[in-house]
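First the structure, in the form of structure tokens, and then the observations on it.
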Amino acid sequence: TPESEERTAVPGVSTGLAVTGMGGDVLFVEASAPVTDEPLQPGEGGTRLTLTGQLGEVMKESAQIALSYLRAHGAEQGIDAARLRGSVHLHVPAGAIPKDGPSAGVTMVTALASLASGRLVRGDVGMTGEVTLNGRVLPIGGVKQKLLAAQRAGLKTVFVPQRNEPDLDDVPDEVLAELDVRPVSDVAEILEYALEPAAQQGGAVAA
Amino acid sequence: TPESEERTAVPGVSTGLAVTGMGGDVLFVEASAPVTDEPLQPGEGGTRLTLTGQLGEVMKESAQIALSYLRAHGAEQGIDAARLRGSVHLHVPAGAIPKDGPSAGVTMVTALASLASGRLVRGDVGMTGEVTLNGRVLPIGGVKQKLLAAQRAGLKTVFVPQRNEPDLDDVPDEVLAELDVRPVSDVAEILEYALEPAAQQGGAVAA
Amino acid sequence: TPESEERTAVPGVSTGLAVTGMGGDVLFVEASAPVTDEPLQPGEGGTRLTLTGQLGEVMKESAQIALSYLRAHGAEQGIDAARLRGSVHLHVPAGAIPKDGPSAGVTMVTALASLASGRLVRGDVGMTGEVTLNGRVLPIGGVKQKLLAAQRAGLKTVFVPQRNEPDLDDVPDEVLAELDVRPVSDVAEILEYALEPAAQQGGAVAA
Amino acid sequence: TPESEERTAVPGVSTGLAVTGMGGDVLFVEASAPVTDEPLQPGEGGTRLTLTGQLGEVMKESAQIALSYLRAHGAEQGIDAARLRGSVHLHVPAGAIPKDGPSAGVTMVTALASLASGRLVRGDVGMTGEVTLNGRVLPIGGVKQKLLAAQRAGLKTVFVPQRNEPDLDDVPDEVLAELDVRPVSDVAEILEYALEPAAQQGGAVAA
Amino acid sequence: TPESEERTAVPGVSTGLAVTGMGGDVLFVEASAPVTDEPLQPGEGGTRLTLTGQLGEVMKESAQIALSYLRAHGAEQGIDAARLRGSVHLHVPAGAIPKDGPSAGVTMVTALASLASGRLVRGDVGMTGEVTLNGRVLPIGGVKQKLLAAQRAGLKTVFVPQRNEPDLDDVPDEVLAELDVRPVSDVAEILEYALEPAAQQGGAVAA
Amino acid sequence: TPESEERTAVPGVSTGLAVTGMGGDVLFVEASAPVTDEPLQPGEGGTRLTLTGQLGEVMKESAQIALSYLRAHGAEQGIDAARLRGSVHLHVPAGAIPKDGPSAGVTMVTALASLASGRLVRGDVGMTGEVTLNGRVLPIGGVKQKLLAAQRAGLKTVFVPQRNEPDLDDVPDEVLAELDVRPVSDVAEILEYALEPAAQQGGAVAA
């Protein structure tokens, strides 16, 4: 099984795609929150967001945007944002490698939605795309390298921004043949597919 | 339909105009607030303003000015600022492009007023202008490029500062023929026109 | 009517005088506070001061001094500082022009006193002077350029620091003939004249 | 009357001595606190110290030391530090002139003690000296220039650190003849003399 | 007895391995929390993490990750994270030597788990490895130097990341003969072995 | 009597040893806390630590370590850390001289323990040594210069880190003859000797 299956075996982890100095690579976004054994207090309505993984300014802003999207629009997608109040920690390993750019936006939304809902992210799904406060998916760079990395990593389905569709012409046919590449314009389309049903997971817990 | 119609299809989004290194361009200001499922607490009377989009110092100050204008004068324009207490996030895509200057002031006021009231911003309206704490609209630069961009983007009505009226002489007649350019000295004039009536929107929801 | 009449038509705005790279100029200090629809909470006894307008360090300190002066000595001048608890925003347009120096101190005191009392600042009054925590008015520079600017702007009465009186010798007679220049050593003298009576304004509201 | 008499006519102001690029000079430390119309809240037990006057790092630390000295040892000198809870503002005019160094420590203690007690500081008293957390007075530089400045300013009594007594040899006899120079090793000795009796002031209020 | 036995004689201390300019070295991570004589207050649900030891950015992030791992997953390993609420201080002596990198992650998790549970860390155990928010152990550098240092320091068991197993080929046989080197992919495997049973310690206290 | 006797005549002051550009010197650490006339509030369980004396980063971290040691382990040494909640100020005169390094750790622990217990530090005792979160004393530099300074200052007993014992070979015999040099590995050994008995001090107050 590919590494992404292992990494996404807990809620809060989503598989992204990045461009590095040596081509493309798979990148995991981890979201975590304390197990709270007491009801949230009045003053804890806001979110204390901890960001690690040597994230640059733009990527830190992406995390804030992802969080605000879910706090404002999560309910429309069946995601209860209550779990995103209090402390939330978002980490992007490896810890020592600097990362930046807006293209992990959709991956951050998905990781936080998984944490909030307790629903796992499918292990064979990758994604890339800037996200806005309203969930719109904006175009990013490095589509070719990212899809090559997705195929190498054994992913099956990859979400890319609608406006990056023309970039698919540059991707080798053999790569496209092995991937289900889905251009999207709204991150809700990603959440709908990438999050495993709550029922399936509930069943696993009951087993 | 132009992109501005799509972007402004949710409350909290307003269409501005910017000067970039390659002429003028349309810019969207997004405002968002968490869906609050509990009454605001005493200590949450103030606003925690999150600003993203690689905004420069002057543009960040514009956002604070826009917020303070609505908290002090919103009620005079029929805008209840209660929704602007607690957490408010203001984002200006694209996330990786640095932006600065005071000319998005009126666009920020309009986006926040839309968020606070739930009334949509008309999708065919663009605007540019510095705003003061009392809503006065001060002149800005790049009128010609901004109006060219507004026309290219399919906007119909564009608000500019009264004191920029002389700059209209430099704008090609064919551009002015397609745009309803409205010089204003108070941002309240923009709010009055650019925000769709609350009733109309209520009807849409009921349909 | 001069611009200063328009700008000071709402409480919280006072007319100052500045020296720019191109001589003197009129400058407006705007103070604003949210319309509060609920009693202040215990923890909100302090003031959260937001400062905008690209103010330099010295000018930011002037704002803090102006606020502290009114919180400690306002009652002696009939100014109830209660409105200055909670959030207060002080802005000096134009938003993109850097400003610095201590000479707007008296203008800031007057703008905040106007906000606190709801009394308008007279539109034909200008002022310049550093202020101390106890309201003493200390000398400033650029008296000649500032008075020339005051006359050009149609102001009638201008307050200057007592210790700047010798600088009046350098001001052209025709300028002094049109201005009522009042040297003062305490900002209370400015407040007493520059703030319109509360009664007069109450009458306007009743009309 | 010398300027120091005017400046110290309100509680919270003390006269210090400084060395500038052009010899010595008199310097005033102003302390201020809001007139509180409500009892302090539980969370307001600490002090929010605002420091202005373009103070350097060492001078800012002096202010913290002065405050902590009074909060721990004030009662031993009959100074109730309760007034020093909540917001306290300490300003050293002129606002645009950078200042640094530890030698205003005793002046800051005296200004804060005057504010806390409501007792005026004698207008003919000047002082210089670093202070420690326990009130010990440590030696400073520029004794000669400071005493010359004290005499020029019409001061009668000047406190200097005990360990600076040898420096008095360098001060002209005519200056020493006009000044009552008092070397001290504990700031309590300064407070005892420099603060006017509470009774005298109470009488003035009753008159 | 080796130094590690002495250092780990109190809960909250774990033995790590570092690469320095002069080969490898043993490094101790100390975790501490105030003895609280009163129940935690509602507002104290979060953790105020103090980090000392001249830690670089990446190492500070490792500490945050270690804490978040235990607050989210501690209970799964029998670690009650309640002790990690309120103030927690994490120190890595020596105080003047700058340290950085992600490889102390597992050591930090173990030190904090020891503090939270009151269970001592075995004195003959060393460890190195980056940790993610979900406890996954990622590869690090300097395996050879670190194992040489572990042997020199008299350690018996050393945990290394699974993905560093190939690096063991470079380690001299005589070193491997004296060490029980255990490659792991989840920090829970380290906690299970390295923390002494709670019962054993209870007995020691009773003795 | 030596200066150290005078300086340590109030609780909260301890005598350390430093290396300066001109050999060794005696250094005093002063700890202070407000006299609190009301019970501490729930939210005041933590410590607001103010550090002054132009302390460098490492020395500031030493202060945090000293505080955390006492909050976690003070009770084991009979030191009630309750006085160390709320505001604590730690100052190292002279105010304008930059200081850094970890070797004042034990002096800071002793000063804070004296403040917390009200027990004076013996005036003829000096000390130097880095301290860890668990009270272990780590080696420092400059032993020879520090002991020379201790003797010059009239100290009788000096605590040094155990691991610095070899450095005593470099100290002149006549210096060692006049000093009782005590190598220690745990700061508790210093506290046990350096703090005067509480009884003795109580008697002094009763006298």
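All chains are identified by letter, namely A, B, C, D, E and F, in their written order; residue positions are counted from 1 within each chain.
Note that a residue touches a chain if its C-beta (ideal position, glycine included) is under 8 Å from a C-beta of that chain, and two chains touch if they have at least 3 such contacts.
Not measured: the values here are computed from a predicted model.
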Check: Where each step is a move between two chains that touch, what is the least number of such steps from chain B to chain F?
Finding: 3
Checklist line | Set of chains whose contacts include both chain E and chain B | finding: A
Checklist line | Cα-superposition angle relating the copies chain E and chain D, to nearest 5° | finding: 120
Checklist line | Rounded Å distance between chain C and chain E, as computed from the means of their C-alpha atoms | finding: 60
Check: At what distance in angstrom does the C-alpha mean of chain D lie from that of chain C?
Finding: 30
Checklist line | Centroid distance [mean C-alpha coordinates] between chain F and chain A, Å | finding: 52
Checklist line | Shared-contact residues (touching 2 or more other chains) in chain E | finding: 43
Item checked: Starting from chain B, with chain C taken as the next chain, the full ring order -> B, C, D, F, E, A
Check: Inside the complex, what are the residues of chain E that reach chain A?
Finding: 42-43, 45-46, 57-58, 61-62, 64-65, 68-69, 71-72, 74-75, 81-82, 101-102, 105, 130, 132-134, 136, 138
Checklist line | chain F residues touching chain D - in the complex, by the definition given at the top | finding: 7, 10, 12-13, 28, 30-38, 41, 43-44, 48, 50, 52-54, 86-87, 89, 91, 93-96
